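Both of the next two complexes hold subunit A, though its partner changes from subunit B to subunit C.
Moving on to the complex of A and B:
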């Protein structure tokens, strides 16, 4: 993305945003559902990208945080509380749990965070399934209402899609600002060279926990949208495989690239839909495509683009060098 | 008391299977930094290969042999050449993600080409009970335990008593130094992949008669093996064995004495406690801290 001139980038951005607003207007219910799902999963993946791509911490619990957000929304809105209250609860809960979870793991070595989060992911699933009094267990919570936003009901698919898209927009802007702030720089410093970051006076452990907690909180945000989107939640969608799926989205999109999660979520949510005509084979084809992509470009889809840009720059530079050299030789 | 004894035997039997799977897991990690998230699916697949061979008319013993050979070909050689080799130089994470995708692929392929339903699988140990100290013990548990112990003893003997085993350990501990003193490191790495393939095929043979052959059965198994490997010690074969046995026993006791709903939580809590107080695992060597 960085290789394009500024006006082209802005034009491209406007076209994509306008497209996301206008094109779905005549989509059917199912198409809108899939697109809303894409927006929700993108929010969760942006959170994970912050943790993994920018701060370099592997989390296998993002799906569990989506689950916590979804249950917060499901439980509170069926009691008649507004969704915005559930959003606040989900953010605080996920942030706090993320912080506490990272604490013991980072006391030892940072790849233990992956193991602890893996365990947490399954523990959260067990709580969702077994604590009937709170989560209604395997029967799930049904008839979750969709919210009114500034007096506009979002019961129909299109307004709700706009709510998801708007939330994605707000989250994107906030994260964009965050990674350009000193905090974001500190996150990248953690990933690139923790020892150097430490020697520059960055409290690496606090920033690592912070990156993990903020990423988890965004998982909670995605969850609070997920519950009113499906209007029914049960424990099954929030098991370990959702966490693994989200991790895959971040990696195939391109970890550490701002737009990576957008692309990754698009591949993970939409590609299986497009491949549905192949019937039982679609997940197999999806898995094969992911493996081939990772073999070809381990830094994901945006990694390919990045590489092409870099090659073009090198070619331009060497062409300029050749011209300069011939001029030098031609000169007496 | 008799109840406890039964639980211990059953726990040790499943634990021994977890141990076999966990040993393969740590071997791959040690020799080639592969965190194989598809290890559970690797255990699920050979049972279906054997079932397919039997459907094609092969007798049980031949089907087992075909299953093990195909497993070596697909999950050993194929896995290494097609997935690990091209990805290894890119680091641990992309490879780990690729194995997650592989897990989805294997599961879906089995669902599509075999069946989405659970299929029964013949046991190599006859059913029935045997009396030990006047106490009936299921032959199946005992047989599984014996075979698993034999496999573990065989593997440890291979690693510690033979020249090839020493070369494999050298290749795992310090590939550069091993290469200098003439160890064919590449061949040794391939060998660990083949050993892993045999181990998962064996685990498949032992566990499938108990839990039936189902495309999704790898998920639980893979996670158990993963936890066993971390609890026991990620960088030690004997650690993985101890971890496997411990998880098997704890799992069974938790189901009986704590709660069936939260039985899966107990090994996870054990995992978190271990990471807190002894992160290198029960028998593992501490890894050097980078910071």
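Moving on to the complex of A and C:
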């Protein structure tokens, strides 16, 4: 995206935002549910993208953090507490647990770290399922209310969609700020070359823990919206498969690209819906499309764009070098 | 003269192999000390022990009189100790300017203030000055991965100076750099040493580079110090000629 002129990027951004606000006005209840789900899953994927894509720390626990957020919202709002309070609890809880989960990342990396986070994901699922006194176990929590935002009820699908979209907007701006800050640069350094990062004074331990904690907290934010979206939660949606889905969203969209999770979540949430006309074949087609994409571009959809722009830059730089060389040779 | 670096009886064992065996030396403020020796003699291991990348099996390291043995590299860097690596260690996806900003940003305020401060940590001007100093002006916005090997070496060296270090340990800065760039690099290092009173320790195999840049040279062989002295004394030392320089 950075290869496009600034005015074109702004125009494109305005068109997309306007489209996300205006077009769904004509959607039916199911369409709005799917689009709200896309916004919620994008928030969770943005969190994972921060941990995995920017800071390079593998996590298979993002689904568990969505679950923690969802249960915080489900339990608290069922007791008459406002969703904003549940959001605060979810953020603090997920941030603290994410911070603790980051400690193994200081000692183990890659697939070993994946297994540590996998174990946490399983542990969280067991808590959701077995601690009936808190989570109501396999029966789940039903009739989760939707909140009033500044006095406006969000019971109907469209206002609730706007709540999800607005939350996605706020999260996006905050994460955009974060990755453009020196912290974002430190995260990239941590991913690309932790030894060099250390030698430049970057406290890799603290940044690793921060990457886990902030990414997890965003999982919690997504969960806080997921509970009132579905208005019923039980442990099943928060098992390992959600973590794997979120991982897939990040990888397909392009890990380490700001817009990767938006695109990845769109494909993971919307593509199966669009392919439903193929009836029994839609999952096969979906899986084939994902496999082909990752064979062609392991760095995801935005990786293709990035590669094309890098090639264009290289061609321009080569041309400039050739001109400079010919001038040098021609000089007396 | 103040001792910037004091290394006393540093040892490093890997299992049964002793890579560094009781090495001691001092480096005075503003000095450029060359560190030479055959491959595998323990030079880089010694660097890594001094810089906290490896924990020494024994001995002590002091920077400005303060014991820093076993301190993490990031903490050492914030004390004013910087380094370059034998192999290229730039961040290929970041631009040249961003590499330099990254190299200096952790010296600007606290972690929290950096989050809410300007995105460049107020370092764009300093980075551009460094870019100009190392003659990389036309490449400021290019991704570092697209630079030639020699240009990346210059960038690597420039990054080491972004935090305004007191002591810089350079591991084979001239390796793989063409003659024109080598002269540039030597001139840049000499200028920084002269103008900023920065102290260097340089590992290098290029004898001409070492002998013309360094005020003192230490020779290592089999993990020990074989000789120490002025470049002309080292050139004439029979033990050094026998073990490393050849006839």
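Basically, the second predicted complex is superposed on the first by the 304 of 332 C-alpha atoms of A that agree within 3 Å, B and C clash if a C-alpha of one lies under 4 Å from a C-alpha of the other, contacts with A are read in each partner's own complex, and residues count from 1 in each chain.
Simple rule for what comes next: a contact is a pair of C-beta atoms (placed from the backbone, for glycine too) under 8 Å apart; a residue touches a chain by one contact, two chains touch by 3 or more.
All values derive from a computational prediction rather than experimental measurement.
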Which of subunit B and subunit C A:295 touches, first, second, both or neither: first
First (subunit B), second (subunit C), both or neither touched by A:330: neither
Contacts of A:198 with subunit B and subunit C, given as first, second, both or neither: both
Subunit B versus subunit C as contact partner of A:25, first or second or both or neither: neither
More subunit A residues in contact - subunit B or subunit C: B
Shared contact residues on subunit A - subunit B and subunit C: 195, 198, 204
Complex contact set, residues of subunit C against subunit A: 51, 53, 72-74, 77-78, 82-83, 85, 89-94, 98, 101-103, 105-108, 111, 114-117, 119, 121, 142-143, 146, 159, 162-163
In the complex, subunit B residues that touch subunit A: 37, 83, 86-87, 90-91, 93-94, 97-98, 100-102, 104-105, 108-109, 111-112, 219, 223, 226-227, 230, 261-262, 264-265, 268-269, 271-272, 275-276, 279, 287, 289-291
Interfacial residue positions of subunit A with respect to subunit B in the complex: 58, 104-105, 107-109, 112, 115-116, 118-119, 122-123, 126, 129-130, 194-195, 198, 204, 240-241, 244, 247-248, 251-252, 280-281, 283-284, 286-288, 290-291, 294-295, 298-299
Residue ranges of subunit A in contact with subunit C within the complex: 178, 180-183, 185-186, 188-189, 192-193, 195-204, 206, 310, 313-314, 317
